[in-house]
């Protein structure tokens, strides 16, 4: 039971599930250390118990490594999930089931059949298989929460975010859970930067939070249907800018991505080209709010993917899992250096909203931000109960979505098939029914294979991750 | 077209419709004068053109009467509605159709048949007749907005608020309108005061905005289904407090309002007894967020009204229209004294949110507050399109409701009949169909008369206000 | 498992629950005997085992008493519910919990407070208390069906029909149940007779099944929103007829029931005056399809009830329970005479659809009739799951409602409060929560008492039937 | 105004729109001549006025050519649409906009890009372009009906049926229209034949109408979710039969269509193999109720199409438009021979339900059949207003759908994208917005092209039919 004193909170209990790969765990620890009005205990649980222990050591060493920062949280690694959850006020989830071997199969096995995935974790063929091995863990966590801390708020950072969050609610309908993702911040920055560039004022003159946006859709395929700064319609500004800089002859034309005019655009958009985003904007009149690599995966395969050449023409890349593995090794090495004391664990601003959410839910200041929660009417023409992403009002022990209103017919035609596949996947895991999962696999907009090829590919991908599929009858030992 | 300079706004155009009875007009003028970052013109239109002219004079005299206050707005009275509306960025509506004669008929004629109304303006028999003469004006205003300023934001303060706001949307579906009411602030204050009393800290230690509430229902029959301060459930606190102070033996018992235990309660609740509110809380588990006089009118007649004795026992009064007429005369005399210069028009904090809304809609800082707008899913089990009251997120050129979720079955059974009557009244006015209005009249929870008596009473009440009903075939000259 | 031979069915197993009061049981037995293409066993279960045994004897004596009628069914009385249900293909329910003492309390106790009920079994104060003691039995039956014959079709004839049928689905959502009521046949006859009278052709020239009707609403408060014979709009004909014969000056006027013109009307309408039905028709444009005594109870108390005088003026009667008790004694005496052989059990056409439904569900000929089943969209603006009455298509192992479309706003305002109370009552019984039942009691359109009187009356009525309420905590021994 | 005499109808007025290609017109004329209880006038309107005149001559010659058949209808060709519609009781539509040149483009132009369409008229790329030139005609017809015969019943036989029928309602919401299609009869025959084969009884022992089915979906992609004969579950029988005859190892396996076991199956299924239908049945548990050629077009392109080889393996053919043109020439020659008197116009049973519908709507006997009408709740999880195909109850002046209940998640995932495209196409035509039509084109499950190829193909296909697209800004002269 937390106590309040002078707007400070004591006795807060946080369970942190996963994070063995360290990055997210250190982000949260930094975040908490920055917010000295929160005080309490963080219990770290990870399948890799050693990793959790290292994180605990690092967390407890923060005051030492950062002069002037008090040790407001005590970190402890637990051996079981239940120990971590018991009595928690908040549960933070960031798990990565399987190794890079399984991830490599998710992303690269479909390439044998000509299906290229730039990310492969949120949707599409890779996302489906990843869900098959990830969702059972969320089932277990939800059961744990129901048993050990039914009133806790659960903040999930794991991908595939929509189905992970949905699984929590399917398993324990009374859970108070949300999926949190920071891709939306990127689109806020994009608008702010564009505005500054167009008006010839220094970037930063207008910032992320000066922009007001209406958010609708599903995670990584979220759409901004209205964006305003003062009395400026930023969607119109973006359309005009894209067209002017690219000399596109017709409003509804797909972008001519072969031309040179994009060079100007690039300066607006930093390292990313945003060709996919702009093409969708000019066609649908709304801005898709995730990186192009994500967006391409949610659209029909033939639009922006299909071949490495087409991907290249649309200006984004296919991230190889080998690259991710390398990143992870770097992080592990950093972790070791921190642990050994070779390097200090210096906390820095993280840009994440984790502690902001905790503050608001504890009654220290409400705010509106985008979250992923079950549809209770915020998008009235998507199925009730499906997890969707919109703005939400976060206040004392309360998280209520802001209505986004009905989807325009054309956006609906893009988002609906994604939701349909997600609903099938979650039900497939709940019922341990791989044939239903296969229906999601063959209905996915990414899939353009014959039924025979689909069947072979599905089997190969499942086999590659079979160690994590032992809860399905087909893979029971 | 407004311009922005250093977070100040210039060239703002506000149309103020009504306000000839001065109170609201002066409130708005005070509010605007306090907010020196807004600058522009207010065009005042009232059927009583002289009253509008006096208001304009008073408005323009503000800098003179209030040293240190700049004249950020220029006030002008227009002779037509269209002149006021043309090019407006905001339209504020506060009209009072008819005189106190008509209002007296609304409130007191039903007393002949044993129906007592403490207010008679929002719902019930009086509210129905008031709607018949008021809604045609909102039809006219909506048409004017569509023609003269279709992008303007329209803020309505007029009662019956729900049906007035609904009429605006029925007439011009593209309108950006809301009904604003401050009754909810009262309930926030109630919670804050109770918390302080229970914890023996001075009132004000916890304030109105420290409380987070979930709001659902229709105006003047709005319900708080969750209320929190820090980790305190304020609804549970209120229930315990009411029971402890009143020694009510069973949770579901109607309050024993004859006892003496209420004396303690009264000190919490200032001048109001809140017996009705507490009785509903103990029975329904949610707090009805309006004055008891309003609440009693939305419930079945036999619960809290029925006879002056029953009203007395429930601890509230039946406001006589004569008293209102007196109040108005006082306001008119004050107005004259201000106009003549006998007294100064000193601006003071108003507690109203009018200029706060304007700021947010212009992009100077978003916030969440309760408003009355058409249901787009915020209360998923009330009809789509019906005007309901919930929290809403107000941001740049955007007003989106916060989902309140489905109504509990028992609250739904109370609110649904009200919505049904409101929908019939609005359609009756739209179609100029008095027989449909009569169906609303006989289905109103306030009405417990025989059909013959209902018919006689309806005719008498309509006849008493016939001067304002000339748009209905029965009263065409 | 039934077998088919030359469109005859053998081995059919029917469980008959209740019927100890004999009337319904004999009706079913007659019905089955008339349909010699059905063959099998009927297992009779009644709390009054002797009564069931008598019925079995009578059933088995049919061939003897009716020359030319083969004994196609064997009747047997079982000692337990489960024996009756085990392996049943059809379950027929017609139970009467309590004695006439309890029924007398339901109907007459409210008269102390000025509330007069002409029937008191379907809705209103009496219907609510009757539901409290009846629904637990339906819970038990539903559990039995789930356990003993989950695929059986369940046909319920018990009042209050809506909530009884709803309880079956609440308890065992997979049940295949329907509530059947013949009041609609009366309105078909009414239309046919009226048509013949207006056209001066002998009654019977146009018959019950020549009329096509659209049915919507809830049982005993069902509405005919369209009625046709050939190209004649029978609703318009009825309106014209009522007005012409009664010289009503305005379309929307309540009927002048004091006049003499009704005399002509009576000849059309046989023994019933139909004043309430006609008044509703002229006001709402649709024909309410139940006897006036039922209809009056579903409308606000003050419309057609309120006092014996008002009831008299509206041309219907208040059936005393003593009269019902007398009827029952007559039936029991008849039963004894049949049992002793003093009188023969001669089967006759019954006009009931029981065996017709059985035929259709077994695949011997589909048809459309009105039934009471959960709303799955047939009335899109009433809550999904609530039991409603519309036409339905009955075919092989299938019962699917015919869409009635959205309710007009004015009818919705009448039906919605009824549904709201019914939903609360069922939930109250499911949760054994008398305080929720009390909320239904005070929200019922029949109730116009003060809260204090309501509370006293509710307690008295519950006490009077307490022997049957031992499943509620308040009455547990 | 029709009159009734001895259950015969006189003075019936039917407008027949289209039919210049003669086949449908002669079918209707045969149908009407067979039903001598209907009498009246048929007014024939076709863009090809000569063809209409020939049809009129043939119609009026029926009594001469068919001894014993009275001339119950008089046929007349009108020069304008309005002349045909004025005062009509029924309007029958069967139009074919464009020539076989346009149809050839619809079907064969996409083959350049590897997209093969077996039919190309209902959905997919060909269906989309066909809709663009057909729907404006339905707009015109709907306006004509509103003006000339607003109470007429409109029966549409034209493809693409769903969007044509939807366009009628979009243009004149009060229209009483339905789309009628006989594909469902085929599936009834399939079940009946299979049952007979399995039970070794002669085909015909059980017939089309002995089978009861639940119908849901959209035209040509309709699904049978329940099928019964007596107490036999015909879906289970079909699954077992397919598996037994084909030795498929696992329930959820795609059919092995390379094997020889299909040979047995073929004898059941006459000329059609039904491989697609069986594959869908084994995967989804429901029977898709249209020819495999249609079904393949509604599924993702890669499932059953993709290449002529895949099509061949799945056992159906790609109908060439040249073949259709040949068929039409044959029909025209026959028409000429009939006109010249060289051959007699002998009427024969048609198997169509046209006159059956007319009978029922006129009050001569109600029945249940499958029709295409706007969703009013019959499929509660598809959008309200979208045209769907379910059973419906046809009775006097009334057509009301039978509820099919919610779609299973997996079927929904197949049907929803089709509905989304259809809704976009209809809106595109209504708004004359080719860019919205293009969005439907690129979201169609048939389309697996890059955006650039899609754009080129869309333009080529539109250009090929540009003569009929002059109502779109891009093709205005």
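First chain written, first letter: the chains are A, B, C and D, and each begins at residue 1.
Heads up, the rule we're going with is that a contact is a pair of C-beta atoms (placed from the backbone, for glycine too) under 8 Å apart; a residue touches a chain by one contact, two chains touch by 3 or more.
Computed from a prediction, not measured in an experiment: that's the story for all the values here.
Trainee: Over half of the residue-numbered contact pairs in common: that is the test. Which of B-C, C-D or A-D passes it against A-B?
Mentor: Selected from B-C, C-D or A-D as the counterpart of A-B: C-D.
Trainee: Could you work out how far the Cα centre of subunit C sits from that of subunit D, in whole Å?
Mentor: Roughly 42 Å, centre to centre.
Trainee: Centre to centre, by mean C-alpha position, how many angstrom separate subunit B and subunit D?
Mentor: Roughly 55 Å separates the two chain centres.
Trainee: Please set out, as single numbers or ranges, the residues of subunit D touching at least two other chains.
Mentor: Counting only residues that touch two or more other chains, subunit D contributes none.
Trainee: Among line, ring, star, complete and other, which best matches the way these chains touch?
Mentor: Looks like a ring, each chain touching just two neighbours.
Trainee: Write out the stretch or stretches of subunit B touching subunit A in their complex.
Mentor: Residue list for subunit B touching subunit A: 1-2, 4, 210, 212, 214, 226, 228-231, 362-363, 366, 368, 376-380, 384, 391, 393, 395-398, 400-406.
Trainee: For subunit D, which residues are in contact with subunit A within the complex?
Mentor: 251-254, 279, 283-284, 300-304, 306, 310, 381, 383, 409-410, 412-414, 416-417, 420-421, 423-424, 427, 434-436, 438-440, 442-443, 447-452, 454-455
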